[in-house]
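Okay, so chain A shows up in both of these, paired with chain B first and chain C after.
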Partner chain A sequence: MLKPHRQKPRRTVGDWILLIAVVLVAALIAVPFLIILVNSFKSPTDYANGGPLSLPSSIYTDGIANFWQRVNFPEKLWNSFFISGTVAVFAVIVSVFNAYAIGIGRVKGRVWVLVLFMIANTLPQEAMLYPLYFMFKQVGLYDNVWSVIIIFTVVQSAFGTYLLSAVFGTFPKEIIEAASLDGASRWQILRRVVVPISRPTLSVLLIFFFIWTWNEFLIPLTFLVSNANQTVPVAITALQGDRLMDVTTTSASALLGLIPTLIFFLIFQRTLTRGITAGSTK
Partner chain B sequence: MSLLPGVRKRGFWLYLIPGLVLFTIIILVPLVWNIYLSFTSYRGIRPPEWIGLDNWVKLMGDDKFWVSFQNSVAMIVAMVVVPTLLGLVLAALLFDLVGKKFGGKFASFLRATYYLPQILPVAIAAIVIGWILRPENGALNTVLDAVGLGALQHNWLGSPDTALLSVMVVMVWVQIGYPVVIFMAALQRVDPELYEAAELDGANWFQRFTAITVSIIRPEIYVVVLTATIAALKVFGPIYALTRGGPGDSTIVPSYYSYSEFFQSQQVGYGATIATALTVVIVVLTIIFILAQNRSERLENER
Partner chain C sequence: MKLKRTLAVLATMAAAGALLSGCSTAAPAEDGKTLKLWHFESEDSAMGIAWNQAIKTFEEETGAKVEFEAKSFEQIRSTSSQVLNSNEAPDILEYNKGNATAGLLASQGLLSPLDDAVKKYGWADKLAPSLQTTARYDDKGVMGSGSWYGIPNYGEYVEVYYNKDMFAKYGIAVPTSYDEFEAALQTFTDNGVTPLAEAGAEYPIGQLWYQLALSKADRSFVDDYQLYKNPVDWQGPELSYASDKLKEYVDKGYISKDTTGLKAEDMGTSFISGKYPIMVSGSWWYGRIIKEATSFDWGTFLFPGSELAPGSSGNLWVVPENAANKDLAYKFIDITMRPEIQALIGNNGGVPVAANTADITDPKSQELIANFNTLTERDGLAFYPDWPTSTFYDQIVAATQELINGSTTPEEMNTQLGDQYESGVADITGK
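Entry: the complex of A and B
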């Protein structure tokens, strides 16, 4: 069973049974996606007549169109995109600065700073929620996307600092020494040497921060109360159970919620699987 | 010593200042403030009033709080116990059997399928399953009716006997891909010769699985169990999207309870107490896990 190179694998009956089992599990996981996909293109009458498992008798896009207009979906997409993109860029910059001081500068007290950031990664957001709500109200940023951007820049960079400090700690010493002997300043070394060389890691971080921020719920829900500021997950959740939403429009709402992340997944699949597994052995 | 010879270390502190200032304002100050609020009566309008341990005493006798933690245990079953056990078996099967006998491409495809629900915003994932479980004309009820099991039709999320179970099913669906992906990556470290030796010694698949696979990927098992347990204790989005803690308190979890105290009941002091209690539980669990992991690594090395 474990000699793939020496002989052609022999597939026993047991192998086929186990294969069917793992494929069945995969089907079970995929079925909800397919059900949502099929039913988003049905009219409510079509749904009532044919049930949830039949294919649509004709392609009906009113449900999707209705929901699209109802929530002003392009606006929500832009909010999510703007928040997640800005957070990703800012959080990577903050992480790089922190990690430069910790991993390469080896400043005093770095262990404590790292422990602090590590603990912050495990804290529930509820433990900061009300004071943050109060603070942002005071400074007039409540119900403003920048409140969410600032909070997640800090939250994501806590993780980024932790990961990048380890990466920078193993940075080839000779390269930095050479640059330093050439008279490069600290800033120049960071800009011209450290950042270019660690670009692959930074882009993985950028993608992760983007998707994590996109998927956040509690803080956007609390801080972005007016319709025009909401993110995709919050706007869609807010309309669940609404009386004006018929059964297939609700299905369409779920479809619109999952499409953006599915697209990210398809684009970044390789980076993501590499990143997840890299993160697991941290 | 910094990695830079001849460059003073102190200058590097400059780079840490923006990060630390932001961190202090956004994390540390609110955290301490929240702990302070747990000792006050505060309704969000007039300034907080110090009441000592009253909130904490109330918390200890609050049935709703204990129910919320019981439900957290249910979330741990759904997000840690079931996915980790199932994930171990699935990862081993994909790696050993599918990858080697039916092709690596096919194994990667199955892995990606398992992982699919993980990439969704968790509130959206909940809405997907919630749609299928709708009480009237929901997909599950309609199908049950169509196959002659109409008697089993049920208001899955709306009745106290099945609401928690339904949420648990959602969470298993969401979570299953995470351990599979991580364990499959870990399995690449396992030396095939170990298996061959064990096979020659007459060990069956299950014995090899427990004695070799599980012991070699133990570090990843710890990471998965720890991170998933923390995530299970923090669950908020699915509860908010599906049940708002109901019916009654049957699906309430600590994070939703504190949120509703903050913003619905305006009992900010009490909400802060619940949030602080949750934080303490998470931090204590994290410390216990890390100590246990270090201990098991030490034992492993001594052998």
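Entry: the complex of A and C
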């Protein structure tokens, strides 16, 4: 007889504490989502009488419908998707090129280049707002989605370069040497060797860039003046007035704004965990 | 080859980018056919309804097309100086009144002076003097004198909302003097009901404090405080009375101590749900309370024993200096000042500035507008406590919170606010 299957391991006290802690943290994280969800389906009268925590007395979908129509939500969704998608792809491409030169090519002065990227990363967006405004006004890209795409491609690839350079710095030399012995040019090494091997890392970067750009507020708010160019986070603020706020419609808008990122996250969740746990060589 | 394909894709993307960017560079020229209009009122608010009608009338009469874009308050507030300085500027927009907002833009030369249009259309005759104050700014951006830069369509003021059912329950009559008002507060407290809905984390508490000061003040105090005509005495009879009274309200339990953490929204919903019998706040709640306070009967009155009340013109129509179709913009403003459009504001819970009283048919609205007209007739709009300097809003909130917590005395609060007021005013007037 084979070694008998071990009994279900008894849970120790530590396990239980851990489990409770995980449940608590998960509940804490879920609370804001639940409040949004509950209030999205309440009528304003219901909200005023029952407060934010009560369950809706009847399902009320006018808030969602109003917001959808008022801001022309599909248009905003497409804008956000187009901007975030383009930025994610461009920023990853730029980061790969930069990091290839810095991490693997080991160009002269690479430390200083990295320091420069670091500084660029820590610069608050508010400080860049005016210079960028004047630059893009001069070239005629003010109120144009391409201004935001260019800005975020640069911003995200600054971080991407910084991160990827570190990753490429530890790239096994033997593989590259083997490839160049086989007669591969630098371009071929990048395309055939480096990129395929680091694909998990690149996918994670792509996803992060997409979500970060999606959630950006200040620069899209400033640069995308026309309603036709606006992104989802900017559209959500369209409901906040001078002194009054409409909580239920605002909740509905938050719900609508949240769903796309949530779906995106669910689709790519496995890529994310795989990318984080993946080793550098296969 | 793969490489070539990648390059081709990149090139196509770049070309598409160039194409897209090409569209927006054309500078707008006066064509007299389109009016680019921005405002941030929601569609079913009083102003939203009235201005929609104004847009229809305008299109019928001029044959021009209105390109309307609904904006958010935040968006207009934080991006206006950049937008107005560019070719994307609209022809007309709604803008927040006050020194730090419309005044600032006017002093930067981003708004067109409207003096000629005011003369041509006779808008000055339709607006009460205290409404005109917020429409005119001098070269430093200080309101009250200088050229016209904006035209208000509606007004707003602070009054007392009360729950008639709760007043009836405890046998309290509508107070007509300040003493009766305080007696009413006391009766509620004696019966275990906290009378005043308040919010200490936002504007409401500051407006109550200012209202208390105004009950001891006259117009010259307001001119000093708001228009910097003379120095303000922060230990004088008006302001020390206000701070002492506020402290007394807390000590006697008229205001809950928990109020320091509450926002205006909390105050409004707690009044609407019938938790508190009295709310001292602005006419901007009116439409919402009509719609949502369905479980009890309610009414309003002006703060008893006070000639003055916090209030002002509403936000302004302004015309950017870079606007392409200024004449159309003036024409549109004129339409919004017509009695029929003004009546629409009045019948939907707003406060029109130039309506015929006979056109207002809704009884609740009649009460609101009658109170407003009483105020403007006695020149009673005293603006808001936080207007004098750009940082005063936060400073008032902080100071009143400390007073309510009991960490400062009324005297200390006034000394602190006085110092902050003076240094802020010095930055503006350069004295």
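The rule we apply is simple: the second predicted complex is superposed on the first by the 213 of 282 C-alpha atoms of A that agree within 3 Å, B and C clash if a C-alpha of one lies under 4 Å from a C-alpha of the other, contacts with A are read in each partner's own complex, and residues count from 1 in each chain.
One rule holds in what follows: a residue touches a chain if its C-beta (ideal position, glycine included) is under 8 Å from a C-beta of that chain, and two chains touch if they have at least 3 such contacts.
Owing to the predicted nature of the structure, the values given are computational and were not obtained by experimental measurement.
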item	value
Per-residue contact with chain A, leading partner among chain C and chain B	B
Partner chain in contact with A:Asp15 - chain B first, chain C second, else both or neither	first
First (chain B), second (chain C), both or neither touched by A:Gly140	second
A:Ser226 touches, of chain B and chain C: first, second, both or neither?	second
First, second, both or neither for A:Val23, with chain B first and chain C second	first
Which superposed partner A:Ala48 touches (first chain B, second chain C, both, neither)	both
Chain B/chain C common contact set on chain A	47-48, 51, 133, 221-222, 234, 237, 240, 247
List of chain C residues in touch with chain A within their complex	2-3, 13, 17, 20-21, 23-25, 40-43, 45, 69-75, 78-79, 82-83, 86-88, 96, 203, 264-265, 268-269, 272-273, 282, 284-285, 288, 291-295, 315
Chain A-touching residues of chain B, taken from the complex the two chains share	1-7, 9-16, 18-20, 22-23, 25-27, 29-31, 33-34, 37, 90, 93-94, 96-98, 100-102, 110, 112-117, 119-125, 127-132, 134, 137-139, 142-143, 146, 173, 176-177, 181-182, 185-186, 192, 195-196, 199, 219-220, 223-224, 230, 233-234, 236-237, 240-241, 254-255, 258-259, 262-263, 268, 271-272, 274-276, 278-279, 282-283, 286
Touch list for chain A against partner chain C, complex	44-45, 47-51, 70-71, 86, 133, 137, 140-146, 149, 187, 191, 221-222, 225-227, 234, 237-247
Sites on chain A touched by chain B in the complex	1-4, 9, 11, 15, 18-19, 21-23, 25-26, 29-30, 32-33, 35-36, 39, 47-48, 51-53, 94-95, 97-98, 100-102, 104-108, 113, 116-117, 119-120, 122-133, 135, 150-151, 153-155, 157-158, 161, 171, 173, 176-177, 180, 186, 189-190, 211, 214-218, 221-222, 232-234, 236-237, 240, 247, 250-251, 253-254, 257-258, 261-262, 264-265, 269, 272-273, 276-277, 280-282
